[in-house]
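Note that the chains are named A, B, C and D in the order they appear, and that numbering of residues resets to 1 at the start of each chain.
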Amino acid sequence: AHDLATYCLMLADDALVMSHRLSEWCSRAPDLEDDIALGNIALDLLGQARLLLARAAAADPSVVPVLPEGSPVPPEDALAFFRGDGELLNVRLVEGDNGDFGRTIARLLVFSAWRLALLEHLTPSRDHVLAAVAVKGVKEMTYHRDYAARWFVTLARGTDESRRRVVEGLTAIWPLHGELFVTQDVERRVADAGVGVAPDTVADEVDALLDQVLSAGGVERPSVSALAGVRGRTGRHGLHTEALSRLLAEMQVVARAHPTGAW
Amino acid sequence: AHDLATYCLMLADDALVMSHRLSEWCSRAPDLEDDIALGNIALDLLGQARLLLARAAAADPSVVPVLPEGSPVPPEDALAFFRGDGELLNVRLVEGDNGDFGRTIARLLVFSAWRLALLEHLTPSRDHVLAAVAVKGVKEMTYHRDYAARWFVTLARGTDESRRRVVEGLTAIWPLHGELFVTQDVERRVADAGVGVAPDTVADEVDALLDQVLSAGGVERPSVSALAGVRGRTGRHGLHTEALSRLLAEMQVVARAHPTGAW
Amino acid sequence: MTVAPERDEQELMAGFEATIERHDRIEPRDWMPEGYRRTVVRQVAQHAHSEIIGMQPEGNWITRAPSLRRKAILLAKVQDEAGHGLYLYSACETSGVSRDELTEMLIGGRQKYSSIFNYPTLTYADVGTIGWLVDGAAICNQVPLCRTSYGPYGRAMIRVCKEESFHQRQGYELLATMMRGTDEQRAMVQESVDRFWWPALMMFGPPDDDSPNTAQSMAWGIKRNTNDDLRQRMVDMTVPQAEALGVTLPDPELRWNEERQAHDFGTPDWDEFKDVISGNGPCNAQRLEHRRRAWEDGAWVREAATVFARRTEADREAAR
Amino acid sequence: MTVAPERDEQELMAGFEATIERHDRIEPRDWMPEGYRRTVVRQVAQHAHSEIIGMQPEGNWITRAPSLRRKAILLAKVQDEAGHGLYLYSACETSGVSRDELTEMLIGGRQKYSSIFNYPTLTYADVGTIGWLVDGAAICNQVPLCRTSYGPYGRAMIRVCKEESFHQRQGYELLATMMRGTDEQRAMVQESVDRFWWPALMMFGPPDDDSPNTAQSMAWGIKRNTNDDLRQRMVDMTVPQAEALGVTLPDPELRWNEERQAHDFGTPDWDEFKDVISGNGPCNAQRLEHRRRAWEDGAWVREAATVFARRTEADREAAR
């Protein structure tokens, strides 16, 4: 049960943090259509995060931070707003600043291709909640990936500047690509139990898809090394970049000022 | 006593928030000398804020936010870290984003010329603590003003780009210039009691100084109107811009996470 | 062919006036007086700009929403506003003005947007208050506009109004929930209402005796009610809701007038209104700067899309 | 005049070696072998870069310092680092390399800085840990460098060391205060020490048998001790301090060796070290990007200062 909860938190935190970053584009996108698209993607991911946080809390209530007696804060919010950055289990890819639209698209492409593959393989999960989340998520992620792929190719084959920017964006986020496929012990165990998916098993298909999009844009895979962790610890172990604690300071400020508030 | 405390908070909050903004330049200034100078200015203002917050707490302990029993947090920190933006009494000039170096210099020029004049007139205060703070502050503010004035003229008479930027910066902050000289009832009362200074009484000398610096740079006073408040309420009434709550979210995050912590 | 153009124009005008008379719609393909066209475009554009600028004050709280449910509601709402902006810009485009041109006019300060969005949002309660009071005022304004004489505008308004009332209920529900919460939350709601009440009443524009364009706009059927009329409707609608919520509206002169069967109320600060309208409100510069920056930062992306589309089209041609 | 240059060079070299032998200082005006000059400049530049890049991990917490006193201490400390960077760049400039050139080499990735600053600071405890362990390691490194053979470097080191030990005490004092605080604070300190212990030991560089330049640097008197020697000194110095603090150093092999009269300890993860040194550490890209952006964003300011100075000078000339 603790393994299942931990696994759900991993998937939830990826979606929660990525959703936060995308929501920062609100009222700032290059055009209204993209403002709406990025907002909708953020909303989809937020929805996935909520279901997964609720599942984590149900699977193992001990993962939910304890709030003052009588607090009406539901478990999903306790998990989202009352854990510190060292307790979040998202991959480091999702937490960095957006950068420009080129970097945002490059990150969204990699993220959505990866998550789509994970959720596809999660649809037959023995955990019916996870299976249902996966079925819904596959539809959403397909749209996200197609949106990102379309823009990636457009930028890569647009102007010199747009090509330069999207390639720089891809190069900047690529050191965090490898971390997506490192399988943690917990993931291995839930995968063996037929409940979760081991990310190493989707590496080939994700990379094939990415290669296809990159080649449609005439872009080479960046030749940059993976970002080191600290004594082997990375995002999945709660070891993050400096960006995450700043992100959480903003995200959690109102909720934490009112631990017994009703919203 | 409450008037004195309120007055001290006004002066303290101006320094605290301005210090915060300047400290954001740390490791980002155009050159090492300016990194050090801006850091030192931030440090001076932080020192002034601490003395003034302590004076406010001593003058009227009821202004200090109440923390959990047994908390070792001293009054200066309770005031700095446990008030919300609606309780801060700083003028709105100090709270906006730094913008580029040109805007930072323009704001520092206006702020330091104004505060220097206030502190000069505060040196004969009947409140000996305030008088001592003022004497120390006058030396500091003189340096700050000279630093800002020197850079203002350099940028205004440097390249076309530097001139454009510093003039844009001045124009951007100028709508908040008028608020500096609006005298609140509290300020009038402490001034009448020989304890404080009514800001309207320093308007002429500050403007004369600013005109002198502007003219040395060959820059006209911006012809922009004052920024309206909401039903007459502005910074001194706790009515701020949207920037302040974000600033405080960052500034207060660690302190608030540990209301009984010792640092 | 060039015989008696004045005669033609007179006939066209007669037809136009008859359409207005019958409360029928004027459509883009129909003849219309130049003044009508200009007024309609200006009004629809201002409305579109208001939706887009209106994303900012609420958008300010998306990343700080205190619960995931509220975050989802707020994100969806702000996206709806972007959607409203889109329909309304399209309605303008039927009159031959492109979205890019309108955006340039907005960020150049040559077209306005609703004064309310020049006030800051300072607490999460403001998200609720904007839903309740600001969207409430917008609905008072917009419901009659569903019957406006210009077809594309009227049809856009029908869709917009439906969503706005949904947003208004969500705003009210947030405030109601907060009022059942902690003392701090109740105080936050009251403080927010204190700040937004008067600006919300100013949304209807200046008093009728100081509103020079109202008569012509009403004659043309673009506007359906006077400013003061709508303002009264807003007050009467809001007072019982405020009571139900348990908040006090910050107007000592507010009371029921049995004779008029309506509420008497105080006078907004019209000097503040003029200040805000003329660009000196607490957030005018900030809102325009934000929009300008988004527009300029996105220029390279829009250009890339144009170039890519042209190139793809050329490839397709070549492949034929 | 061109007679027997080899002979001259030999004499110069003999003089240089005698100076080194006597433990006297080599001064910028003195003759020195090209290899010595290059090595000195590289080492001093790396040291300067480390001070400047080292502002970032701690600077990350200035705006979030949990008390005003700590904020003042931290701000002052980071400014001291900028000051150290300044002296050290000046020491380099005595060898004819300008600060601008050195900065370009840093942001172009052609010169390095201490590997430790490629680790993230994740809690406020890290500010204390950096003071205690990182400045502690720096002092172990730098105290002997006060006697380094290159005059300007040695003199800069004397001043730097004085301030560093002050910083180290402040760091220790922060941790000690936190250890007397809440359980969360104690856990925060332990977690921070767990993260920084090994990277701090790696600051002394690779093991001696894998450090090709050490011998030559020692012969020239640029370096005074081997890496492993300094690392041992650091461990022996830190163990009793950790005990006094009440934190556990994360090394199961750590124990006192009576025979050696020194601590035995485990092996750092040299693969991680190589990864970090070669640019793939958790923060290498971030640190350089930050520095590059500051440098580029400030270009217009530096240019304005240059133009203004030239213009003022010209005016003065004209006025004569």
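The working rule: a residue touches a chain if its C-beta (ideal position, glycine included) is under 8 Å from a C-beta of that chain, and two chains touch if they have at least 3 such contacts.
As the structure is a computational prediction, the values presented were derived from the model and not from experiment.
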Partner chains shared by subunit A and subunit B (touch criterion as defined above):
C, D
Greatest Cα-centre separation from subunit D belongs to chain C
Would you say A-C or B-C is joined by more C-beta pairs in contact?
A-C
Between subunit C and subunit D, what is the separation of their C-alpha centroids in Å?
58
How big is the gap, in whole Å, between where the Cα atoms of subunit B centre and where those of subunit D centre?
35
Multi-chain touching residues of subunit B, meaning two or more other chains, are 249-250, 253
What residues in subunit D touch two or more of the other chains?
64
Taking chains as nodes and touches as edges, what kind of graph is this: line, ring, star, complete or other?
other
Full set of chain pairs in contact is A-B, A-C, A-D, B-C, B-D
Residues of subunit D touching subunit A in the complex:
60, 64, 119-123, 191, 195, 198-199, 269, 272, 275-276, 278-283, 285-286
Please output the residues of subunit D touching subunit B within their complex, sorted ascending.
52, 55-56, 59, 61-72, 75-76, 78-79, 82-83, 85-86, 89, 99, 124, 174, 177-178, 180-182, 184-185, 290-291, 293-294, 297-305, 307-308, 311
For the complex, give me every residue of subunit A touching subunit D.
85-86, 172, 175, 225-231, 239-242, 245, 249
Residue ranges of subunit B touching subunit A (in the complex, touch as defined)
84, 246, 249-250, 253, 256-257
The residues of subunit B that touch subunit D in their complex are 20, 23-24, 26-36, 39-40, 42-43, 46-47, 49-50, 53, 72-74, 76-77, 80-81, 100-101, 153-155, 157-159, 161-162, 165, 250-251, 253-255, 258, 260-263
